[in-house]
Each structure stands twice: as structure tokens, then as C-alpha cells.
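Just below is one structure, and these are the notes that go with it.
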Amino acid sequence: MKNAPFKGIIAYPITPFDANEKVDILLYKQLVERLIVSGSHGIAPLGSTGVMPYLKDQEKEAITEATIEQVKGRAPILVGVSNLTTERTIYHAKFAEKAGATAVMIIPMSYWKLSDDEIVKHYDAVAKQISIPIMAYNNPATAGVDMSPKLLKRILEISNVTMIKESTGDVQRMHYLKKELGDSVAFYNGSNPLALSAFAAGATGWCTAAPNLIPELNIALYNAIQNNDLQEAQKIFYKQIDLLRFIVEKGLPRAIKSGLQLQGIEGGHLRKPLQPLTENEITELDRILKLVK
Amino acid sequence: MKNAPFKGIIAYPITPFDANEKVDILLYKQLVERLIVSGSHGIAPLGSTGVMPYLKDQEKEAITEATIEQVKGRAPILVGVSNLTTERTIYHAKFAEKAGATAVMIIPMSYWKLSDDEIVKHYDAVAKQISIPIMAYNNPATAGVDMSPKLLKRILEISNVTMIKESTGDVQRMHYLKKELGDSVAFYNGSNPLALSAFAAGATGWCTAAPNLIPELNIALYNAIQNNDLQEAQKIFYKQIDLLRFIVEKGLPRAIKSGLQLQGIEGGHLRKPLQPLTENEITELDRILKLVK
Amino acid sequence: MKNAPFKGIIAYPITPFDANEKVDILLYKQLVERLIVSGSHGIAPLGSTGVMPYLKDQEKEAITEATIEQVKGRAPILVGVSNLTTERTIYHAKFAEKAGATAVMIIPMSYWKLSDDEIVKHYDAVAKQISIPIMAYNNPATAGVDMSPKLLKRILEISNVTMIKESTGDVQRMHYLKKELGDSVAFYNGSNPLALSAFAAGATGWCTAAPNLIPELNIALYNAIQNNDLQEAQKIFYKQIDLLRFIVEKGLPRAIKSGLQLQGIEGGHLRKPLQPLTENEITELDRILKLVK
Amino acid sequence: MKNAPFKGIIAYPITPFDANEKVDILLYKQLVERLIVSGSHGIAPLGSTGVMPYLKDQEKEAITEATIEQVKGRAPILVGVSNLTTERTIYHAKFAEKAGATAVMIIPMSYWKLSDDEIVKHYDAVAKQISIPIMAYNNPATAGVDMSPKLLKRILEISNVTMIKESTGDVQRMHYLKKELGDSVAFYNGSNPLALSAFAAGATGWCTAAPNLIPELNIALYNAIQNNDLQEAQKIFYKQIDLLRFIVEKGLPRAIKSGLQLQGIEGGHLRKPLQPLTENEITELDRILKLVK
């Protein structure tokens, strides 16, 4: 088994902004603290929940450092370092390693659809420059490219690519990963509404923004799976599915921010073009949150 | 809870032909007997496995009668009665009821994409003419129309539509059915590679042609679920997944026929345009079957 | 150049029913006469406009004979003979030839997705039994199978498959056909809203139900193309596009029947599950027809 | 008619790099000069052909200034200023206006799928800050969001959004634009293989990287359309379609660079992760280019 330092609930903090659209590091640290205290098994800054592609280089660096300072070794940290160019991806990967990240997550962002060879060379070029593990992340909806199981297999030949995060929303991909790669590689689910199916299929962890709002339910699902109690897992999953669907459908940063406010927690501002949820959407989210609790 | 007389493994027999493409009723009965003896919890003649759309009216009637004669009450029987026109669907539904079927399965076959209203009226017109339960079957790949969860909800207002078979291959549909319809309606999985996810999501049964080839594994999966043993279910599922994928990808009637022959069991001929698997495909199937056992 | 006896506007009559859902042959003949008199360059009974899949064998035969009697050689006749089984397709193809059809149209209807080999053998088996030309028809939306340009090329190696009807709605398919097959094979457009693009791409004809309602506009479009007058063609196309879109979106048999009635022409009844357009849809169609004229 | 300062062939230069992946401004100017000299009716720097998303802010500014210097008023200039955040989009739009651009092109780049309201507000915020016209660009394949005709209509209510570039590859979108917006708004085709259909549908111009390789053919197609000579347009289109398809399929920057080199023109280096075409791809491109000439 390759070195896979994550399992269970890997929580994605949002990146909050102040009224002038500046990153609010103080508030960010408070939000990270909430995730740690409520029991998340890992912290993943600079994901799409953290609007990483909307941030400038220095902002990304500040978030990385703030996370490490705040977590203080209480959980492993997975830093998103994806960038359109290979040069910038290497830059951020090296920064994350030096700052103390446990591992980095890389999605092959693309404007032009990259070829398989281009993607392999991209991962390889980054992997050569760092020694911490890499989680390869497949999410065609945000990357614009869908890495086939065959391509993922090629990428896994790179020695420090040790983990795969799958967000296609198709559980068959996970069946393939588990069947083909057996126990040599850990795979993680990045599709919230697929949480139950993915754990049933053998996922090692669940990468999710949901612990910002309902950490107990997320962790309880993982615990039920660990206890081999499918009936309990099913029950807990159906309790949270409406929320999982809502946050995905409305966009994680927008939905988490509003959800925090509904719970009386400051979530900061969004950076444009992102706009707050509409009033109707907030009412709907309030209804869902009240049912969940 | 509405009257749902099926659970567990609902097995779909193939319809075998002789060398002149005539239905071979004698051989058909032997194949049904194998399904019963090996423990299937229900028998479903005239599904797509049974090439129902390729059969003439009298052939369908003969298959219905032969099934009932052979099963002799040892398992409930679900007869496929779908037809492009409402008039012919009613005809076959009434025939099935009179012959002694436990329930009928109806998919809204369409050439022109039917409107929601047309589909509801179609089900309603049939339901009025029979008193046994109806399983509404959603499979856009064969019907040419995808019944939305919202439409299925409308159809379930018809009193003797009591069961839903979902074959879109999207586990989210099952989450929706379970969440929205709660325990009032039973839903069944018709997508073989989704067997584990569907049971994890709460499916009452699995409609499948696989018991023609690997009945022990299909039944063992259901038993593990019944025992709330997810780890065992996962293990058994991964044993059979390659076969489940193969039979779907190659077409159920073709794949089952070849699989039977590889196991030394007569499977009869196919009706054209269906052609036997190629030699390469048979070699692949042989390899998969040997690994499974 | 292979023998391609059709060009221009190939009109598809509906199959009208009486109040008891019986085929109304007398009314059918009147509707065919209208198509001939208004200048259609070909007549195509038993297409999807003619609800061919909803008809019994004898009904199809009666329609074929009625068309030939009514047309009396004033235009070439293209009879739809597609069937799920090869045996029934051969039967109807032979019937059409004997009755005097100019050519037959065959779409590889499928319940199970057929393999390329199965489709080629299906066409070949039919072609061997008749000597009139065959138009191969590609329409994934109704057939359930999409014949790739590569497969179409294979089918065209059969000597009496001389024409291709393309209804994917993707003009690139026509570019491919024209570029690859050059002037050796005629291709026809079966996607109404693509009429202008298809003629611009070099289509020999347009297979359409629209002449039941707006024959002058359909024929004027073809004439403008023949006169190499793109500006006129564009003008005429934009006059009719709303109607072309409407009849496709609502289903040809339903939309044509209502359109005829709005014009004061008897269109008969539909066979269930098909239902008449709703009142709102009829109002919309009336508005479009009035603007067109 | 709103102010639409472009028509005909709007050529997209590539952004060449030196061996160290630095932008090569000198070479860039030479490539722009070729486009002007060979007769392009407009020049569009910082499109996806120009790998705009791979460039840093200063690099984008240098390209904008170099284009204006080199073109010296011989053709209108359309500068790509799209960015994930509204703030950066405004910044680049203002820079382009000040530098002397004729108009700017804006695609709603997105990581998270933006809502319609977010997109409208994004365009509106930029439009308020500049007074030159904006071309709204729809290309779901690169933006990750598909602007519906209805949304485009809303965006066109902003006074200086005067042009639409459509790159979905679906000619029906252009039919809609033409039919709904009539002569009040100009629409442009951004899908190379759709060039003939788009002009037939009434497109005002064609946004394309092809003039880097085959300017005569691109311009000849436009001239044939201007002369209302469809037969000639069709002939010229089929001459170039294989090349149009190739450059889209392989990625514009990669294909153009190799095509230039095959023609003995320096095209510079690519920025990683982009990799040169493979040897097989170059051989194929050489074959196509030789047939074209």
C-alpha cells in the first residue's frame, strides 16, 4: 500500500473575504478551528470550496500558512496547488511542502482539453520537485477534462502519486479503481451525494465541505461504515442527503457561507462574480438545516 | 406500504430459439427450472433478457403460460407486458393476469418520445383493466424515454402501481425514490453494476439476468445485505462485478446464451438480428466466469 | 453514382385513424393526394410520421398499397419497412417491392443496442432478398442506435444500399458523408430544423412531414438552393423555422394532425398512447401557422 | 443595429514563447503582420488560441500593446479580457480600452458554474467601466458554462454588449439568435467546422485561428458568401474542412504552431503543460496541408 495519510472525513474550509473582497485570514482561522474541534479527520485548504482559482499567488500562500499555524498538527493537511500552467503548479506545490503540508491535491486544470500525455507529464514534472504525497483529483465539471481510469492508472505509476479523489459522481469509477488497483492505492470520494455508495464501494475517505455545517452527521456516517453497520449508515445518510444535494447544486462557497450565517456563525463575504444565495434559496436552506438537526 | 410481492433476487430467463428461430418452449422450461432450483426469489419472463420485443403475440402468450406451469407457485412471477400501443399493452396485461401472473411489469415503450401526460394515461388505462399489481419500469436506454422522479410520483398515484424498477444506472434516482416515497413504495434495481449501491440505498430487490450464470453470488450478496454485513457484501460484489459489467455491455440475451454454453448448458439459438458473441468475446467471458467461480 | 431515385422534398404522410383507432384508408388517400398536388417530389409512407411502429402487419400492407394506388406514378415512393427482427424486415421489404415501391427505407430498430456486425448483417440479409434500392436511415433518437459514419460506409458496400438519410441533427455528419463519399452516394436530411444547413452542405433531398402543412415554403427553399440563391434560401428558411421546430418538439403525428385541423382539413384520430396536443399547444401552433402564411 | 465593428474573417494569433517559456513579443508581431498582410478583416489577440488563461497580467498587457502597435489601424482589434474574477476582468478591459482596442471579448470563465444572475452582473460591472463595445462569447467547452439564448438576450440589454460569438457548435443556436434578435445584433461563429452552416445562417463573421495557416481559403469562403454564390462557398468549404477539424481536435495553439513550422514559418515554443503535436499528428497535418493547397 502506498503512503496515504488521509482517511475518514476530509473537511474543506471556505475562504472568507471582507467587505472589500480582501481575504480575511483571521476569520479563516476561526472557521478552520471549528472544523478541527468538531472532529474532522483532515483539513483541505484551497479546494474549490476555498475558491482557490479566484485567489492570487500571495493569497494562496497566506491561506496555506494560516492553515498550518491553526491546525498545529492536530490533523493532516491537504493543500490544493492546481494551476493551469505546470510552472505555477510546481511553484505552489513546493511552497506547500516547505510550509509543512502533509500532501498536495492536484487537478489537471485545463482551458484547452489536455491530452493524456500532457497530463501525465504535468503530474510527473510536479512530482519530481516535491517529496510529499500527491492526491490526483478527477473532476470533469471543474477541470474541463475527465481522466479515464486508464489514465489514472498511468499517473499512479509516478511514485508519490498515492491517492485518487474521484468526483465524477459515477460510482462505477470507484468500482473500477477498487477492482483494478486493489489495496495498493487509496481512493477518496469528492461527490457529496455519493457518500454512501462510495463508502459502500470501499472509499478510504470523503472530501467534503459539509462539515462546515453538519460535522456530526458526516462523522457519524463514517463511523457507521467503520462499524460495518449498513443499516445505521443508510439511516444517517438519508438524514443529510438533502443538504448534500443543496450545497452541490447551489455551489459550495455560496451555500456554506449562507449556511454558516443561518447557524449564527460569521462566514464573511464572497468575491465577485460569486453572489450570495437569493432569499428563496436561503429560505430553502434554512428549512433543510432545521430538518437535519 | 403498498402491495409489493417481490424482494431479493428476481431472475430474468432468456427466451431460447431453435435452429429455425422458433421459440423452444421445452428448453425454456428447463432454464426456468434452473433459476427456481438455484434459489431465485422471483421469476420475470418477457423482459429484455427474454427478447420480449422480438416476439409475436402468440409467442409471448406461450412463454407466459409455460412459466406459470413450470414455477408451480414456488416463486412469484412478474410478466413483462409492455407494448408500443396502449391497446396491445392492455391485451397482454389481461392475458398475464388470467394466466396467473403475480404482477406485470410495464415500461413506456416509445418511438416518438411520449409526453408525461401520455405516459400517465397509458399506465392508467392498463391499470383500470387488471387487478394485480404493476411494476413501473424506467429504462431510458431501451424505452427511449426517461421517467423523471416527479413523473414516477404521479404514476404511483394509480392504486395498483405499487413497485418501481429503476435502470438508469444513476444511484441518485434511488436516493430520491427512497427519500421522497419513504417506505410506502418498494423500488427495485435493474442496473446490474449498481447492485451494491442500490442495496446500500435501500432497494427491495434486484431484477437481473445474472442468476442464469452465477445464482450463488447474486443470492449471497442479498443475504449479506439482509445480515447488515457490508464488508461481506462488498467482498461478494467485487467477485461478480466483472461478469455483471460484461453481460450488460454485450447484451443480456447474447451474453447469457454464451455463458450457459461455456458452463455446458444448452442455451438455444438467437433470433436475428441478434448474433452470437464473437470468439474473442467468448474467450473473455470464459476467463471472467472461471475467475468468478 | 449509385441509383438514387429521390431528390428535393420527400413528403411523409401521417396515418390517420377513425374514432375506434382503426386505420382510415380513405382519409389517408386524400392526405397523400394533397402532398402530390402541392408539388412534393417524393412520397414516403410508413415513416415515424406515419406511426409505422404502431401498426400491425396488415395495416402496413394496406397503407403501402393505398399509397401506390393513389400516387399512380406521379412521384417516386419510399416505403418504410423497418422492424425489430430481420425476418419481419425482409417480409415487409419484399411486400413493398412486389406492390410497386420505388425504394425502401430501413432504420436498424433496436431494443438491445445492436453491434456494428449485427447491423451490417441485418441490412445485408434484407438487401439480398430485394432488387429495389435501400435508403439506410440513421436516427439514434428513435432507433436507439447511432450508426457512425464508419459503419454507414460499411453498409454502403452493399450494392443496393444507395442512399443515406441522416437525422442526428448534427450537420458535421453530413459534412463527413459528403467529404468521404463524394458524389458516389446521395444523402438526405431528416432533421427539419437543419434544412438550410443540410442543403448548404450538399444534401440531395429533405425527408419531411412539413409539406402536410406548408408545402409552398418547403419547395421554395429547395428551389432557392437549386437556383444557387443563398440569400433567398435563408429568407425562406427563417420564415418556416418556428414551424419546423414546433412539429419536431411536439411529435410529428400529433403536430401534423392538429395543424391540418387548424387549416380546416380533416386529420383523423391518433392511436393511443398518443394524445392530441393540449389547448395551449394548439394555440401556439395556430399563432405560428398564421405568421408563416 | 448596435455598433458591431467586425465582419468577415477575424483572425486569432497564437502567443509564441521562447525556449524558456517567456513570451516572444518580436515573433508575435511577425505573426500578427502575416495575418494583416494576408487580408484578415480583424485581429483578436488573447483568445484561447493565444493561450490567454496561461498568461500573467503583465504578459497580457504586453501582447495587447504589441498588437496595437503592429496593426497600426489597418484592421479593428478585439482583445480577450476574460478572467475568473470580476475585478480582474474590469482591470484588463480598462487596460485594453486605454491601449486602443476596438472592442473586448468576454467569456464568463467559471470554476463553479455561475448562475444566470451572476453572469449578468459580471458583464454589467465590466460594461459600466468601459465605453468600447463588448462581444459576449459563449463556449461551454472552455468556460464551463453554457449561456442559453435566453441569457444572451438578457446580456444584450446592456448597451455596450453589441456582439455575440457562438462556439457551441450547434447551428440551431445561430438560428435562434438570428430569428429572435433579427438585425439588431451581430453574431459571430467561433466553431471552425461550422463555418459554412454559420454563414448560411447569417453570421456576420467567423472568429478563427485558421488564417494562421490557410488565409486565402478562409477569405475565399467569406467572399463566396458575400457574392451569394452558395455552390462556390460549398466547394471552398469542403477544401478546408479537414484542416478545420484537425486544428480544433488537436487544440488550436498546438496545431497552429506545428502547421506554421510545416510551412517553414517560425512558431516558437509552447508553455507547459501544452506539448507539441506527436510525430504521427504532424505527419497527418502535413498530409492535410498539402491536400489543401
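Worth pointing out:
Letters are used for the chains, namely A, B, C and D, taken in the order the chains are written, and counting of residues starts over at 1 for each.
Here is the rule we use: contacts are C-beta pairs under 8 Å (C-beta built on N, C-alpha and C of every residue); 3 or more make two chains touch, one makes a residue touch a chain.
Given the structure is predicted, the values throughout are model-derived calculations rather than measurements.
In this assembly, the chain whose C-alpha centre lies farthest from chain C is A.
At the interface between chain A and chain B, two copies of one sequence, more than half of the residue numbers in use are shared by both copies. For this pair, chain A with chain B, the centres built from the Cα atoms lie 39 Å apart.
As a whole-number value, the distance joining the C-alpha centres of chain A and chain C reads 51 Å.
Each chain gets a centre from the mean of its Cα atoms; for chain A and chain D, those two points are 34 Å apart. Counting only residues that touch two or more partner chains, chain A has none.
According to the touch criterion at the top of this document, the contacting chain pairs are A-B, A-D, B-C, C-D. Chain B contributes residues 21, 48, 51, 53-54, 84-87, 108, 110-115, 117-119, 121-122, 125, 141-142, 144, 251-254, 271-275, 278 to its touches with chain C in the complex. Of all residues in chain C, only 169, 171-172, 175, 178-179, 193-194, 196-197, 200-202, 225, 228-231, 233-234, 238, 241-242 touch chain D in the complex they form.
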